Amino acid sequence: MSMTVNGVEIDDTFAEAFGMSGTGIIITADSLKWARIAATVATGFGTSVIGCGAECGIDKELSPEETPDGRPGVRILIFGFSPDALVPQIRNRIGQCVLTSPGSACYAGLQASQSLGLGKAPRYFGDGYQTAKKLGQSRYWRVPVMDGEFVIEEETGVTTEAVGGGNMLILGCDRAGLLETAEAAVDAIAKVDDVITPFPGGIVRSGSKVGAKYSGMFASTNHAFCPTLRGTVKSELGPDTLAVLEIVIDGLTSKAVADAMRAGLKAVTDTGAKRGVTRITAGNYGGKLGQHHYHLKELI
Amino acid sequence: MSMTVNGVEIDDTFAEAFGMSGTGIIITADSLKWARIAATVATGFGTSVIGCGAECGIDKELSPEETPDGRPGVRILIFGFSPDALVPQIRNRIGQCVLTSPGSACYAGLQASQSLGLGKAPRYFGDGYQTAKKLGQSRYWRVPVMDGEFVIEEETGVTTEAVGGGNMLILGCDRAGLLETAEAAVDAIAKVDDVITPFPGGIVRSGSKVGAKYSGMFASTNHAFCPTLRGTVKSELGPDTLAVLEIVIDGLTSKAVADAMRAGLKAVTDTGAKRGVTRITAGNYGGKLGQHHYHLKELI
Amino acid sequence: MSMTVNGVEIDDTFAEAFGMSGTGIIITADSLKWARIAATVATGFGTSVIGCGAECGIDKELSPEETPDGRPGVRILIFGFSPDALVPQIRNRIGQCVLTSPGSACYAGLQASQSLGLGKAPRYFGDGYQTAKKLGQSRYWRVPVMDGEFVIEEETGVTTEAVGGGNMLILGCDRAGLLETAEAAVDAIAKVDDVITPFPGGIVRSGSKVGAKYSGMFASTNHAFCPTLRGTVKSELGPDTLAVLEIVIDGLTSKAVADAMRAGLKAVTDTGAKRGVTRITAGNYGGKLGQHHYHLKELI
Amino acid sequence: MSMTVNGVEIDDTFAEAFGMSGTGIIITADSLKWARIAATVATGFGTSVIGCGAECGIDKELSPEETPDGRPGVRILIFGFSPDALVPQIRNRIGQCVLTSPGSACYAGLQASQSLGLGKAPRYFGDGYQTAKKLGQSRYWRVPVMDGEFVIEEETGVTTEAVGGGNMLILGCDRAGLLETAEAAVDAIAKVDDVITPFPGGIVRSGSKVGAKYSGMFASTNHAFCPTLRGTVKSELGPDTLAVLEIVIDGLTSKAVADAMRAGLKAVTDTGAKRGVTRITAGNYGGKLGQHHYHLKELI
């Protein structure tokens, strides 16, 4: 039932993903270098909502023409279980990692019908010396800091139509070639708007299954996809598979996740075969847990 | 009572810092690039123990000769209020950001009389397929993952003699020159072992004072150091001060923090005057709160 | 400079308290017994905002005439650093401890200009089977559960004018008599509306001072008030003091805290002397940290 | 396939429960009243490990002959996902709710091969004035506080063989009679050692199913067991069922959970029929998630 594209086998299966809430924030600075520094730290330790409280990443870099204050910037996305659950994440990530960063400013990075406080809490850092200004529909706070003022918009949009956990599993017979291919897929996905790949470098090598042998764990290594266990367990891996890497995608809309999966699949099938990639599959839970299903063959 | 070095005034004051607990962890990968990626994500969102749960950073890069598995690596440091408080930080930061990262492995990065679990929790991800190996005094876990095995040492050292909050405040009349000087100081501090500068890019522009006007806040902007408030409040800033930047230093020992402050002060006084730096001071709480005091003039 | 009332010495000092945010919630059930059970569990582990995330307690019991659904009820109060910080506390405390409790319902317990979600998150437990009804200005959710329906109002009020940390220290020469007197003071305070005494049974025996010898601690035992250390340290206690107990008060308004302190002081001075109470004092930080000061002699 | 006992139908099904870690702690005071107060507050807001961080409750009251210091006491149990995850729960629950409570002391309440710090962190509250004493194999800390000394044992035992989520669902045609019957079952379970019923009053009325329609939720109301939805959804409830209540049991051993379920089932079948109880069933996830299965018919 599987198909083959450019020598890469595509499983007839689907990625199962979850409804989430998501927000976008624009961080600017005097230089792109410093906008990137603040954005990288603010989105760090944000790979999994269970272990980190949120899933975070950089969506894209913005030219001075694309930002509210005419300076270079970066748009970050933050995903969580609900708008409420995003509140402390925004407060701490922006308050500790952007407010503190030299020359930074912070603006709404998503227009949506529902909004969340962005500058509402940080403004109080001003101890009464902060001032408000209104431009059009938006309200901004100017908070005195040691290198001048921290400008932060009062609110940013939040959507409850976001999706977490779009994914693909890439199998190959050459570890280095597999990693290069996965990196190419991450690069292709980075060009799609409104999505992030929250894991380190965009790639996960520790795929998990639901259920575990040990107390207090609900997930554990997906042993059927571990090459070193091929002789020991009922394996999903053929004899030529040396390694498997996963790409996980979160997006502000289901369409953005589908577009990102399509871009990633194309990158893998375009050049994967000559780097030893043999097969692509996807992770799901039988279809009953996640509200979103992405069938690989519909995305090719 | 102040002194002047190479045209930069040094206040006769001290940095007041706090006793903390600290640990070190070595992360290796197939390439330095991927060791850095894992280390950057694992230490992200770790600028302040109050807002982030821990203060984290990269201490240094390690050549293959310097790591336990002969691969390139990075040593990270994590600081918290107590060894206990470091336990969930290690579990989540390593479990979510290193275990997941392609090709990574994880080793003790500090030898100390007291130790903390490093691989104790992550090994259970192996769902019973993990195996132990003992080399010398150390025990390692091999956890099957999709790109092979995640190797992680069972324990790493922890010290309760660490110090958090060593600091210096750099004042200048040129914003760009001040930032360049602060960056040079961060670079000089990076060469000192056993310390990190946990804020974004190593620099803080939002210095705070104890106390606040608003409910529920115990700290707020240090208005006496805000240039835009010079006309409004009793200011610490002379008429020529356009901006102030702070460097905060955490170290595994008090000596390392003193060495780092010395290196930073030297970098600032070496080249600061020609970039518009006018003065260096330090932050303290009158001396009653923090267990460690670093007098600037003793470090010049 | 101190005064004496009914044989009890009153120090010429003040309690220093902090601005906080606070909310009220009414819990009803088929019987007062079950309303009390739900309220006690929902407000448990809520003595200190630092260690518990919130300070919580039962303000008062309500007769069927005083509740929205004509059933017996209890009004609880929850205090935190900011309205934002109360959001997860309400979600978890109500979701885990009231939604789950047989026959319970949940209503706004504070009318204020600012409001917080009360039923906004729990309603989703209904998985689409919940229904809304509007009565007057208020909106309610009816969530199907196994014993019928959980009714919960959509929002409750929140005030940022609340006060945390009103306090008095009661000194005595008889441990049992001191505890009886402190219990009488807690009972008197319980009759005042809009306040709680968040510690176990309303009483604290582990008063703390700011600052500590050990790493990672900002507060420690108030050694000057520890009777067993009288010979060892510079003590605040006279030779006849065998024990000291503290009462901490949180209130929705500063007036309510003052009223509660007045009621508590009266209860202590009315009957304390014959139970061996010798003196009353109060805890403060020199007046610079907390926004509210309550002078004992103005409350007698 | 179901059986009937004393007029109550018993489903041929099983309760599915999870491996957990658990610890026991003995709290004593000058009176049983104050031991109970400290224990109730320390175990409050502890119904579900997901929303509260731990599942907690009172196992039993202890006579002066049964406690280490010859005073009345209470034994509490705390359950979490792993020994590590119990560490902050013990620190905060004991530090905020027992250390603070008049006249309290704290001892190991479980002997096991593995141990956890009990007094290790709280002792530092003594700011250097605490002293250690050793009696037999155990070490105790004496921490000076305002009413004398807080005595706390250095460690308590922890088991990874604990079980969370033993359960039974009781169905009936009379709401009041059903609640009385469930209360009788909770009372019977309370007589079994080493178990708690962590929900308010021991009873849950908001049973849940895995999966949900909404973003960010993994569980939602078990609509098949909601009487008000009987006409709307595919229901598990017969026409005579007016309400359903659940009892959830956590225990230090699987045998203790089985004994508790047996005691609860006996209490329900002994007197349930005359109070309108019609049927007993149990909650499971198909058997793949939880490590422990308790078949109702084996417990009758």
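Per-chain numbering from 1; labels A, B, C and D assigned in written order.
By definition in this document, contacts are C-beta pairs under 8 Å (C-beta built on N, C-alpha and C of every residue); 3 or more make two chains touch, one makes a residue touch a chain.
Chains and their UniProt names: A, B, C, D = Formylmethanofuran--tetrahydromethanopterin formyltransferase.
Since the structure is predicted, the reported quantities are computational estimates derived from the model, not experimental observations.
Student: Suppose chain centres are the mean of their C-alpha atoms. Which chain sits farthest from chain B?
Tutor: Computed centres place D farthest from chain B.
Student: In terms of residue numbering, is the interface formed by chain A and chain C classified as same (over half shared) or different (under half shared)?
Tutor: Here the answer is same, because the shared fraction of interface numbers exceeds one half.
Student: Please tell me the distance, in whole Å, between the geometric centres of chain B and chain C computed from their C-alpha atoms.
Tutor: 38
Student: Counting only residues that touch at least 2 other chains, which ones in chain B make the list?
Tutor: As it turns out, chain B has residues touching two or more other chains at 82, 85, 213-214, 217.
Student: Which residues of chain A touch chain D in their complex?
Tutor: So the residues of chain A in touch with chain D come to 18-21, 80-82, 85, 160-162, 210-211, 213-218, 288-289, 291.
Student: For chain B, which residues are in contact with chain A within the complex?
Tutor: Contacts found on chain B: 30, 34, 37-38, 40-48, 51-52, 92-93, 95-104, 124-129, 143-150, 169, 175-176, 178-179, 182, 199-201, 203-208, 212-214, 217, 220-223, 225-229, 232-233, 243-246.
Student: Which residues of chain D touch chain B in the complex?
Tutor: 82, 84-85, 87-88, 91, 117, 120-121
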